[in-house]
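Structure below; questions to follow.
By written order: A, B, C, D and E. Residues from 1 in each chain.
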């Protein structure tokens, strides 16, 4: 099954190529091709997740091809196209499969140049898979940027500009800021990769090779922040988070889903996969800072979300808040906390994708996202309301749904690592989450029905199905987290410097 | 002394072809209208193919030029640049310029100049080749006779070029004075010994040579002709300048510093690093403010020069890879840049416009062109999938190997800045409202050339190994003597 | 079938819930039979579990039976889904399974014709699942899971008629308010885990008793845990949600906000009582103080409340406060006993009130009156409930309340006892007032009165069953009764903290509380019987007090003010900060800096050739000078 | 001071005067005339260096071709007709830059031990035959390239300077 | 015998004057003349070095020949361009030719 990992990158690339060949007037053909591809990615991801042997937590599905060697400073092997999946990547690969599968459904009714849309979307997905599966730092970085780049056009062309009265956020602004911000983060990563490579002196960008080297303490302390901040930007690390709400507000539905659902995870994944596994001492040194920023982000995001009236802003800030938990989990430097962080990546990915999908579903019909102008929508859209509720409840940490399992691990880890204040504030942030989620539900879906929206109908069947897939995983993980925990813990326990 | 004249065959082909073009233009009016450009391209191609005869050879002509893989690489490289320049010019010249025969002849002559800049193994030949290249470009820049901007660009380029080549010459004279030779290897030999008696003159000469070459490749603060000449020159000529002048300049720069001045590397490293930093900062920051596509590309190319200078700053006796990395990036940059210019030329052919704001809605009117331009710009910005990512990565890494992490950091930062202004162009193409919704007619030949360039961009971006091997084979020859043997052990 | 199979109790309703959620729409009668059946089955399953326990309970050192399975497990961490059956759980289970069965049956009548009839039963089933789980949980994690689960169901059911803005708001308020308490609970749980390394309640207790925690640490942890109880059991200062929660359908109020969920806080404290004992005495003092405050606040507010359900809700708060006081006197027995009987008579009161609402479609006491004739059964049941609540001999409330006064007198300061007795007086006043206003006197709204009708049998039968229990349940206090039923003795010998207590009848306490109760009734009778003119005058005379109570001590206003002026404004400030400072200044600013520097730099390109040449020369000179300076 | 040095100083003085005149003269034509002076003086220097051939080349090409070309250009551009400032506003900076450059150069030149490099003897006669032989044999490539350079200049001059129809 | 420094200093002076001329003059023709001065300095250098330091080979002399050749070509070409500007814009002053900037 080694081809499965390769296929997750080949399929999106192939899809993009295939779509290019289809004349753009055949919109339905484009859709079905996208659906086929999305489903096959979903199935592939399930296979990878399911078949991952978690006994020793090592790499599985390894594939290593020579790419650029014979360069003196790169050594004989040089850069290799090295793909593999470990217990941390496996759930995230699955997450990507789920979200793109659902995302195709949510993008079904895009009419404007839908071919180009799907081409870019699949390019981005290929990049995302690449990051999760790359074991070579060069390719990790390669795919990292690849995942970011299509975002510009996806947002700028298919997104929406919004006038908020006191200020305006155009899609061009959102797109530009998002892309530049993320690439700015990658500047730091780039620098740190160079330095690491030279310091290691192994002539390889391969993570296992780089990981076999012990780096000097000062070196670790100097360069861990590069990875921390560089990847942290993508993970919505406070105070480098503002691209996220503005970007999401501008982005089209499927892009928001993928972006908040998966792309933000790349950042946290990078901190873990690259920063912490290479520089355990550096990580330990900077962990208090990461913890502080994580908690700040969690609280700050939650409080900001509480002040939002625009649904997407609310969800966007909630993403900042939830990614704050992920960073807290990473900063614990213990197995429970990091497990929780990875669980939270998955959980947040699925639930935030669902939230954005629901925002999209309502925006498609109403062309408005201000929660206060709606009211009683659950009368006409009961399913829609209940999907919202599930996503919201998961995000506020209701037991039985995915968010709780993850957050609980994180809090426990935080307390175990003696950041009691941080854990307490994190729990408080979860309570604030309840406030804004319920506030939103009360504004938009409950209360007297607002006749202005009498024309709104229930979501399309495709949207319902896509949402149902997401809900299935939210509930699945909430009820039976062991399949995830097994895989994650097996790998996390192998990380250096983890207590 | 080897006087095997056949070694000069590719250039004879070019020169002869140039003469033929002029005559054809003179006597055969009908052909010249439509086919002259393609005929010239065929000439460049023929010379390229001829040069392949000496693949993997290592010989020299009268100790003046050497014919080895370095030369062959650049002969092929410049030959191909010539091919694309001619093809891309065809329609433009037909519609807008007088005297096409001479125009194409000059393009072919630039190829000779460029090739010999790479091939030269002593200063005089290098200088004359440089002047051949420059003179041709001066003429070409002012070729749009009735366009004030073309006149102005030509004037500035020419006068400053003369000024800087005087500086360059003065520097060469000083170097000649202290080393008593113009042979690169001879200079190397002298510099390997004790230089304390004459180092003041030596370093002054070095500075002046850096300035002269810096002018050629447009390094800050010797860059100021670039934006004006780029903007003034007819578009295909701008493309040519950006490709061949820069590449030729670096071929010489690299060879001179690797072959002749390497023993002093510890002295000049920081200076070149400083120039490099200033160059990439200024180029990329000012590019943000541009609204003409040619000017934008001019500043962006200044930024690229900054990156390329890193490669020279990272040269060292035990690091042949910096040279390879530099040439690799040079190739990646030229391919991407040519692609971008071909796009601009095609657009100009349609609309006679070259302001960035004029690209509004291009994606509606010519999707392929918009896509191609985006790809080339992203490649220039160093985005993955495309050539720029890999070549920059390797170049920067090579610099870091020489403890230039700070410089690489600036480089990474500025290439991030560059993404912004490239994205602005992309924004106009994809988000702007087109003036009118009609599709443009498809220029098949130009599109074909563009497609070939894009394939190049992707090939380098996705599988750089063949190009890298070729580059490594070629740069192995520019290190002198014992060091060469020691440093390119990884090569064949 | 025994205690090991206790997991079946929540499993059956859980399965029913899943079935209802997925297919409820397609089932005949929207599946109400399935819901009732599942809950009844739960009750049926409870009986063998009880029997099994009774077999075991006499054995030496019996401390409950634990079963369960690992939910999450890896090297350093283990989360179990464990169930523990012991005496405490059994008492709770009895209330939960039995009362919920009755209330589900009652709901068939009450909810008839509602557009979301099926949904009601679905949610109720989920609630019962969660509640049973909460009771059976052997570890704090599962307890917390269920704790949140019941809270969520409460949210769903309070907001059942969410088209009403008030219902939607009340649901939100309930959830968020209890959630604030839950923050504390979760912190407390993790604090306890942090030292003990386990979530198992029993192991944590053993760890504490072995001195594993330092006193301050443990005190902090249990106070955090208590915060959860404060939220869930509507104790001061998180009590504000409970009166509003009456926006939900009456069966919901009866089950969730009277008999079961709100007592979960009491149950939790009772469960953790050994920790409170080990901890610094301050912890229990806090419990007492909070309980007593709640008692006094609720009793006074109830006197002026005019919504029939709200009055009952205040009485619930009142009762919960009493239980807390009992716990403060570390008497698990008294608290649980009161909890047990309270489940019956409070459900009864709510169901009676529900019948009234169902029959008249009015809730305001000033629109009701004289209903005793129209609804005799209801009036009778309500009277029983009222008397039990007031604590009149020999109704169940009497025994339980007496027990509390008794332990308070033993363990707590005299002032607490005095307040307790006074609260009994107040309870008598407002309960009597309620009864008088609703069931006696002249109808105040003729229209409502004319349409008033007795509830259908499906509603009145459960009411009657509960009424009977409200009368007799208190006799479990007697050892003889307990033994007759198969228990080792009275409740004091069944549920206890350290050692079993024989039933004792403290005459002084009984008499004083009875006097207070009767006095209260008489006082109320004097004021409110008939036209209630005296009451109005009294209200005029003590206008400030009246307004204070009527406005619920301004707690809601204060909280609302705090939310509007602190929380929301704070949120807006942060949002503004984020937009203007972090983003527009920090992010756009640094981008602007690059753009601006580019703007400045571009003017170096003057367009004039001599300047360009000068730049070249300057470059050369600078390079040369630096080069030479390094050398010379 | 030998007589050689005496001649040198005279010729050098003329060179400098000529050069100075070129750059400071207030009249363009004067500048051109000063240029001729400088060029001829440099030819004299070449003679002093015993590079007769170079001196001849200098006089022929510079003294003849270049100056005439420049004078033609002046007439064609009629610069002499319009009385105007010949120096730009940048003159002070120019002076400073030139002075700085001069000092740096002189510092370097003087600071170098030329004698150690072998600058003690100087030959008196450069055989023109040998020079020609070397030029056409050893330096064949630059020679050919130079011819191309000239062609380019030729083409360029024709293409650019030629008037077109309609001009 | 004249020390070589004499020639070198002279050429430096010549070169610096040329630089001054390029920087200070407005007319393109004058700038060109100044460049010629600089090239003269270069020639002097080359010949002096050739004669003093490397008399066996004629490299410096050859260099000087080529410098003169190229200089001549340069003048021809530059004047053509100046003429072109003059025709189109009626000026030969470089500071009036600044439509392209920034």
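Following the convention adopted for this analysis, a contact is a pair of C-beta atoms (placed from the backbone, for glycine too) under 8 Å apart; a residue touches a chain by one contact, two chains touch by 3 or more.
All of these numbers come straight from a predicted model, not from anything done at the bench.
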{"item": "Given chain A and chain E, the chains that contact each of them", "value": "B, C"}
{"item": "Between chain D and chain E, the fewest steps along chains that touch one another", "value": "1"}
{"item": "Middle chain, criterion being Cα centroid separation", "value": "A"}
{"item": "Chain-chain pair with the highest tally of contacting C-beta pairs", "value": "D-E"}
{"item": "Longest centre-to-centre distance from chain A, chain (CA-based)", "value": "D"}
{"item": "Farthest chain (mean CA position) relative to chain C", "value": "D"}
{"item": "Chain C-chain E separation of Cα centroids, rounded to whole Å", "value": "96"}
{"item": "Whole-Å gap between the CA centroids of chain B and chain D", "value": "31"}
{"item": "Distance from chain D to chain A - Cα centre to Cα centre, in angstrom", "value": "69"}
{"item": "Chain centre separation (chain B, chain E; CA means) in Å", "value": "26"}
{"item": "Multi-chain contact residues (two or more partners), chain B", "value": "124, 128, 131, 135, 138-139, 142, 145-146, 154-156, 159, 163, 167, 174, 177, 180, 200, 203-204, 227-228, 289, 420"}
{"item": "Where chain C touches two or more other chains, by residue", "value": "591, 602, 605, 607-611, 613-614, 617-618, 620, 624, 628, 632"}
{"item": "Residue numbers of chain A (touch at least two other chains)", "value": "180"}
{"item": "Touching pairs - complete list by chain label", "value": "A-B, A-C, B-C, B-D, B-E, C-D, C-E, D-E"}
{"item": "Chain A residues within the chain C interface of the complex", "value": "167, 177, 180-181, 239, 242-243, 246, 300, 303-304, 306-308, 334-336, 339, 376, 378-379, 393, 396-400, 404-405, 408-409, 411-412, 415-416, 420, 423-424, 427-428, 430-431, 434-435, 438-439, 441-442, 445-449, 481-482, 485-486, 489, 493"}
{"item": "Chain B to chain D touching residues, read off their complex", "value": "1, 3, 8, 15, 22, 61-65, 98-99, 102, 105-106, 109, 112-113, 116, 124-125, 128-129, 131-132, 135-136, 138-139, 142-143, 145-146, 154, 174, 177-178, 180, 197-198, 200-201, 203-204"}
{"item": "Chain C residues within the chain E interface of the complex", "value": "602-603, 605-610, 613-614, 617"}
{"item": "Parts of chain C lying in touch with chain A, wherever the complex brings them together", "value": "71-77, 141, 144-146, 148-149, 152, 155, 159, 162-165, 167-169, 171-172, 175-176, 179-180, 182-183, 186-187, 190-191, 193-194, 567-568, 570-572, 574-575, 578-579, 582-583, 586-588, 591"}
{"item": "Residues on chain D engaged by chain E in the complex (per definition of touch)", "value": "2, 4-5, 8, 12, 15-16, 19-20, 22-23, 28, 31-32, 35, 38-39, 42, 45-46, 48-51, 53-54, 57-58, 61-62, 65-66, 69-70, 72-74, 76-77, 79, 84-88, 90-91, 93-95, 97-99, 101-102, 105-106, 109-110, 114, 117-119, 121-123, 126, 130-131, 134-135, 138-139, 142, 146, 149-150, 152-154, 156-158, 160-161, 163, 167"}
